[in-house]
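Read through the structures below before going on.
Next come two complexes, and both contain chain A; in the first it sits with chain B, in the second with chain C.
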Partner chain A sequence: MADYSWPEAERRALIGSRPARLDGPVKSTGFAKYPSDQNPQGLLAAKILTCPHAHARIVGIDTSAAEAMPGVRVVHVIQGEGAEIQWAGDEVAAVAAVTEEVARDALRAIRVDYEVLPHFVTEADRDGAPDARPAGERTEGDPDAAFATAHRTVERTLGMPQMAHMCLEPHGQVCSWDGDELEVHASTQAVSTLGGQFATELGVPASQVRIRTEYMGGGFGSKFSPDRWGIVGAELARKAGAPVKLFLERDQEVTVAGSRPSAFARIRASADEQGRLVAWDSDSWGSGGLPGTGQTPLPYVFSRLPNRRTRHTSVPTNLAGSRAWRAPNHPQACFLTMAVLDDLADELGLDPIDFLERNLDLTGRADTYREQFAIAAEMASWKERWQPRDRTREGAVHRGLGVSVHTWGGRGHSSNCDVTVHPDGAVEARIGSQDIGTGTRTIVAQVLAETFGLELHQVRVSLGDNVYPQSGPSGGSSTVGGVTASTRRAAQDALREVLVHVAPRLEAEPEQLVAGGGRVFVEGDSSRGMSWREAAAQIGGAPISVQGRNPGPGRLISSGVGGVQIADVEVDIETGVVQVERMIAVQDCGLIINRRLAESQVYGGLIMGVGYALYEEWIPDPVSGRLLNADMEFYKLAGLVDVGSLEVHMMTGPGYDERGVIGLGEPPVISPGAAISNAVANAIGVRVPYLPLTPDRVLDALAGRGGPA
Partner chain B sequence: MRPFGYAAPATVDQAVGLLEAEGSEALAGGTDLLSLLKDDVERVERLVALGGVTGLSGIELAGGMLRIGAMTTLQELRDHDDAIAALPALSVAIDGVASPQLRAMGTVGGDLLQRPRCWYYRRGFGLLALAADGRSMVTAGDNRYHAIFPEGEARFVNPSSLAPLLVAVGAEAVVRGPAGERRQPVEALYRAPEVDGERENTLAPGELLVGVEANVEGSRSAVYEVRQRRALDWPLMAAAVSLTGSGARTERARIVLGHAAPVPHVATAAGDLLAGQELTPETVAAAADAAVEGARPMSGNRYKVQLARTAVRRALGRAAGMEI
Partner chain C sequence: MTDDAKRSGLSRRSFLRSGAAGALSGGLAAGLLTEEAAGAAADTDAPKTVGPGPVEIELEVNGVTRRLAVEPRVTLLDGLRDRLDVTGPKRVCDRGTCGACTVLEEGRPIYACSRLMIESAGRSVTTVEGLGSPDAMHDVQQAFVENDAQQCGYCTPGFVVATAALLARHPAPSEQEIEAGLGGNLCRCGTYKGIRAVVEGAGGGGVSGG
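Right, the complex of A and B next:
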């Protein structure tokens, strides 16, 4: 069987280097056409009418005025008389018209009568929830006995609210029919699986649905399915006999197209005199909208903590169902756990890094964390700068340091890649994956070019189309492992075929030949070789085409990473305003294909992390049941001036590289909430129990009030 | 978008004539009104675009009087070295609008007369946000960004970046209407509506704000805004102060809060407290306490009382050039 592996460190020309992303120029100049930029001939604009009530029954709907409006082509009722609506923003009807303005006007002309029903949208108040449900209880060891004899115990009630994905490009697509063949330009994370889902809903064979996503403007876990607006868009296009563009309005995007579940918990944790964790008890609850939500993994990272009890309550609300948000469940579990452990370290009079290090055997990767703590502490000058919590109230501005650790899997998903070598030396890969902004196109090109010994611009990568070989959805940090493994296998096989043709010309065995520096030559004697172009010409008149798969033979990928982050903050105790000065991230992800893009993933994670630590939250109105900040004005995102200095250290070299490629999208976004909260506690001497750390919550904590969630 | 008429007058008199008609609305920089129309929060019969009206923009500084035309953009004012030198606190107020696009398009008149940002108003529940049963949605709902000095049922906050400072320095608004020109203190531009449908400014139909004038000699002024983000964001609270008097002693002090009430909130008692006093940490703290006396925070905005206190202290410190 053929051998598949990554080149040794000293033989890598491109892998591990820092090439800029291939589509940077077309994106930054605006030449890149996103799905929402597609404007085929005869395009109609579609808009969706949503329900303004959080809970209601439709008692009547009259679309006749809308249908009679000039420029309106199709009016489509999504939920008609008798339907029970469970959240504000749920879709009721849609219109396709000649312009967006006409479509919006037509929506206003649709008359819907509602019977308004009672709603519940404030899940922080578990006791007030009409429909809270026990969702699991588990005990290991004897927590009651362990608490009774523990040296120090802390008890905290903590929480973080639901928040939005806030994709810059809203959810949506352009649908065009040609007879009974459908083409969808979709803003999606799942090119290869979306077509089948459209087909099932629309009653056409999956072979007749084409999905295209050359570029897309962010998904973060919220763009895996056609969604109702996708199917409605295709139906409108079919009825109108014309292409239809349907992208959500910003308020819809925030309200219905993706949120992260909330998490609240009352937690007790204890340690013994040596600073060893001995007991844990958590009573957690949270909501992911109408479906409620399952338990986050508590205690996080320190999951081998003995004597623990966990209970969870799922709290359904009249809000749209949540979606996977970058590292599902982990940021919540990380904040709840690391905040409590940080408070316990303070109670014990220990430096939190020292405390966490004393308990690393309770984690799955003690050695990694120990190494990362040392690097992160060095970067932060922790030893010189860390002080016990500042409980003075002198001066306005107080500085603090906080630390957190996290973990993630990140194994590559199933992937297929066709690699073709043409007789003129052209090399291309076709893969039914998608570049959701992470740089997938660039890393596939790097693997291809590395394998054939070519430069990046000499290879071509085609992706974002379901006519290419199936590759998995981009979620859970699974893409980089999947696509690099399938590409490498295909490329190594294709090269071996080329070498079989070249070997006789060089009077060598194929196994003696290598490709590098634009040439094929006998290993150890580069004078016995030829240019890549000449080598490719040896294959004859037809190209060589090979498919590579993942999973497959050879140790190209693995999973399981650790990361440590340190936040350095300033808190103005007279205003409650928190400013992040520095974020330090130390992260492993196995073999790194592209250092620049890997660091970029971490920067992005830190920026999103500062966002949810300080600013981002859904604000549902208890009165109307609607979100009060379904916009970019009061749904506050971190600006670049708000994120401080971001400093990233990637773990590489022996001990890391040989693990193969591991995904990186999720891990860096997990710790910032915990690290920043801990830094604020260090700065002001008191825990602010809720994220985001807004001035009202900080001032409440300083005043000794628990404050509203 | 609902259909509306559009007029582009060339003179102030033409603009005034057009604005007299029911349903006419002045369009200045267009950074907000067009969104309100698209969102169907506001409806107009006709927009009267002021961009082509002569004599509405420009900055003059003569004899200690600063005159700013209503259609002057925030960036033009920010770039006017003499105006900024005469009233340095203007730069703080303008830089708070942390978007080059908004500063380039937004005008001084537009800033002074912009509509409230109240999220109930912006969702179509009206400026007073009264539910069908007459209850206040604001008090029963989420009021974290609302007024700590509500007036009647009006609980939104005045969002103007320039108004607190202009009120503090005693600026006058120059208003042209069918009956000619009138002048009034800038604070008299504002009112708290008593019934839904009433506007939050005092301009009569046909009246147009053409500019503001202020004597900027002999006083020291400052603005302090409490901001959660450095990126584009509304202040959570703002304070503007203006001090007259020579040497250490303050003759007269005007203290005005922004984002605290439906109108720029003049903290009269706080200002009076400092009259004839030397500014010390103690007198400044006393003035800050006095500035929030009578505050009536709601369920979710108690923290803004503390922010107001801090903003007043820091603005006074800046004006007096002292560390507080």
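Right, the complex of A and C next:
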């Protein structure tokens, strides 16, 4: 069997280096055409009418006035008379018209009569929830006995609300039919699987649905399916006999197109006199809208904690269903766990890093965390700067440090990649993956160029189209492992075929030949060689085309990473305002393909983390059942000046590289909420129990009030 | 598309001097005044209303004169994207908050979502595409590439235009100037580290790749 492996460190020309992303120039000049930028000839604009009530039954719907309006081409009822609507923002009807303005006029002309029904949207209120239901209970060891004999115990009620994905490019697509063939320019994370889903819903063979996503404006876990608006868009286009653009308006995007489930918990945790964790009891609940939630994985990271009891209650609400949000469940579990452990360290009179280190045997990767704690502490000058919690209340501005740890899997997904070598030396890869902003296009090109010993600009990568070989959806940090492994296998196989043709000319065996520096030559004797172009010419008149797959032979990828983050904050105890001064992230991800892009993922995770730690939350109105902040004025993202100084250390080199490629998109977004909350507790001497750490919550905590979630 | 765009061959200055454009601009400005304000201004200049039907306008977009008929309610952003197929500026919040639609009007950065297209009649509008192209990037665009100041790239056009405007006014901006110049733009992927490197690498009057 052929050998598949990454080149040794001293032989890597591109892997592990810092090339700029290949699509940087088209993006920074606005020349990149996103799905929402497609304007084919004869395009119609579509808009969706949504239900304003959180729970209602449709009594009647009259679309006749809309249908009669000039410029309106199709009016489509999505949910008609008798339908029960379960959340505000659910889709009721759609219109395709000659312009967006006319389509909006037509929506206003549609009359819908509703019977308004009772609703519940207060996710934190488990006791008041009409449909709350048990969702798992588990006991290991004897927690009651362990609590009874423990040295120190803390008990806290903590939580974080639902929040939005807030993709900047809204969900949507442009659909065009040519006979019974459908082409969809979709803003999606799942190019290879989306076509089949459209086909099933529309009753056409999957072979007749083309998906194209050259660029897309953010997904974060929310863009894996066609969604109802995708199918409706295709139906409108079919009925109209014209292409239809349907992208959600911002209020719809915030309300129905993606949220992260909430998580609340009453937690008790105990330690013995040596600072060893001995008991855990968590009673958690949360909501992901109408479907409720599953069990939150508690205790997080320290999952081998003996004597533990976990209970979970699912709280369904009349809000749109949640979606996978960057590292599903982990940020919530991390915050709930690390906040309680931080409070327990304080109760024990221990430095929290010392306390966590005493318990690393309860984790799955003690050595990694120990190394990462040392590096992060050094970067933060933790030993010199960390002080026990400040309970003095002297002066307005208080500084604090907080720490957190996290873990993630990140194994590469199923992926196929076609690599073709042309007789003129041109090299290309075709892969049904997508570049959601992580740099997939660039890393595939790096693997390709590295394997053939070429420069980055000498290879071509085509992705974002389901005519290319199937590659998995971009979720779970699975893309980098999947696409680099399939590309490497295909490229190594294609190169071996080339070398078979070249070997006789160099009077050598194929196994003696290597490609590097734009040449093919006998290993150890570079004078016996030829240029890549000349080598490729040896293959004859037809190109060599090889498909590589993942999973497959050879140790190219693995999974399982750890990370440590430290937050350094300032809190003004008069105003309750928290300012993140500095975030430090130490992260491993196996073999790094592109240092620059890998660091960008970590910076991005930290920045998104500052956002959900300080600003971001869905605010449903209990009275109307609608979100009060389905916009970007009152749903706050972190801005450029809000994020402080960011410092990233990547664990790379011997001991890490041999593990192969592991995904990185998700782990760095897990710890910021916990680290920042712990830093605030360190600064002001009291735990602010809920995220985001808005001024009102900080002031409530300082005043000794728990405050509302 | 309803536009009949063509290269005008005129500079922006001569375009603005042209009588037709000047008259159109003045007429529209008067038409957009409230009745009281217009009455107080001058009896002879009776307020002129336009719309709700399409209004013929001309404006200069990235150095090209564009003529089109557009309803007064159409924003500059939607007009650029939907009528003129100039899709660099992005529609994200559509409420003057996120800055993804930032363009230059007469060299000044504005939110294209918060301006009616007819208000830009007779004026010059520069979008991110007008600053440079992939083969001939503006210094700021080059610096965005070199500092990896973009991920999904959907906020990037607005950030690039806002950054170019900031650095044109303040070649070595202070923290307050950075906040004023870029505080009105938002990114979701978290590219602020790179954007800050673009801006802070700009000290001394030029943008360096850092």
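Convention: the second predicted complex is superposed on the first by the 709 of 709 C-alpha atoms of A that agree within 3 Å, B and C clash if a C-alpha of one lies under 4 Å from a C-alpha of the other, contacts with A are read in each partner's own complex, and residues count from 1 in each chain.
Assume a contact is a pair of C-beta atoms (placed from the backbone, for glycine too) under 8 Å apart; a residue touches a chain by one contact, two chains touch by 3 or more.
Here the structure is a predicted model, which means the values were calculated and not measured.
Participant: Of the two partner chains, chain B (first) and chain C (second), which one does A:E101 touch, if any: first, second, both, or neither?
Facilitator: In the superposition, A:E101 contacts both chain B and chain C.
Participant: State whether A:V397 touches chain B only (first), chain C only (second), both chains, or neither.
Facilitator: Neither partner.
Participant: By the touch definition at the top of the document, which applies to A:A145: first (chain B), second (chain C), both, or neither?
Facilitator: Touch partners of A:A145: none, neither chain B nor chain C.
Participant: Go through the superposed model and pick first if A:G217 touches only chain B, second if only chain C, both, or neither.
Facilitator: Only chain C is touched by A:G217; chain B is not.
Participant: Quick one: classify A:V623 as touching chain B (first), chain C (second), both or neither.
Facilitator: After superposition on chain A, A:V623 lies in contact with chain B alone.
Participant: Just chain B (first), just chain C (second), both, or neither: which does A:L640 touch?
Facilitator: both
Participant: With both complexes superposed on chain A, which partner does A:A206 reach: first (chain B), second (chain C), both or neither?
Facilitator: After superposing on A, A:A206 lies clear of both chain B and chain C.
Participant: Which partner reaches more residues of chain A, chain B or chain C?
Facilitator: Here the partner covering more residues of chain A is C.
Participant: Return first, second, both or neither, reflecting whether A:T575 touches chain B, chain C, both chains, or no partner chain.
Facilitator: It touches chain B, and chain C stays clear.
Participant: Between chain B (first) and chain C (second), which, if any, makes contact with A:A68: first, second, both or neither?
Facilitator: neither
Participant: Show which residues of chain A both chain B and chain C reach, each in its own complex.
Facilitator: Shared contact residues on chain A (touching chain B in one complex, chain C in the other): 101, 631, 633, 637-641.
Participant: Can you list the chain C residues touching chain A in their complex?
Facilitator: For chain C paired with chain A, touching residues are 1, 71, 73-74, 78, 81-82, 85, 87-95, 97-98, 100, 127-129, 131-135, 137-138, 141-142, 144-146, 148-157, 160, 175, 178-179, 182-183, 185-196.
Participant: Considering only the defined contacts, which chain B positions touch chain A in the complex?
Facilitator: 1-2, 38, 40, 117, 119-120, 122-123, 125, 131, 137, 140-142, 144-145, 226-234, 236, 300-303, 306-307, 310
Participant: Could you list, by residue number, the parts of chain A that touch chain B in their complex?
Facilitator: So the residues of chain A in touch with chain B come to 101, 104-105, 108, 574-577, 579, 614-615, 619, 621-624, 626, 628-629, 631, 633-634, 636-642, 694-696, 699-700, 708.
Participant: Contact residues on chain A for chain C in the complex?
Facilitator: Of all residues in chain A, those touching chain C are 20-21, 23-34, 36-37, 39, 45, 99-101, 166-170, 215-218, 220, 249-250, 436-439, 596-597, 599-600, 603-608, 631-633, 637-641, 643, 646.
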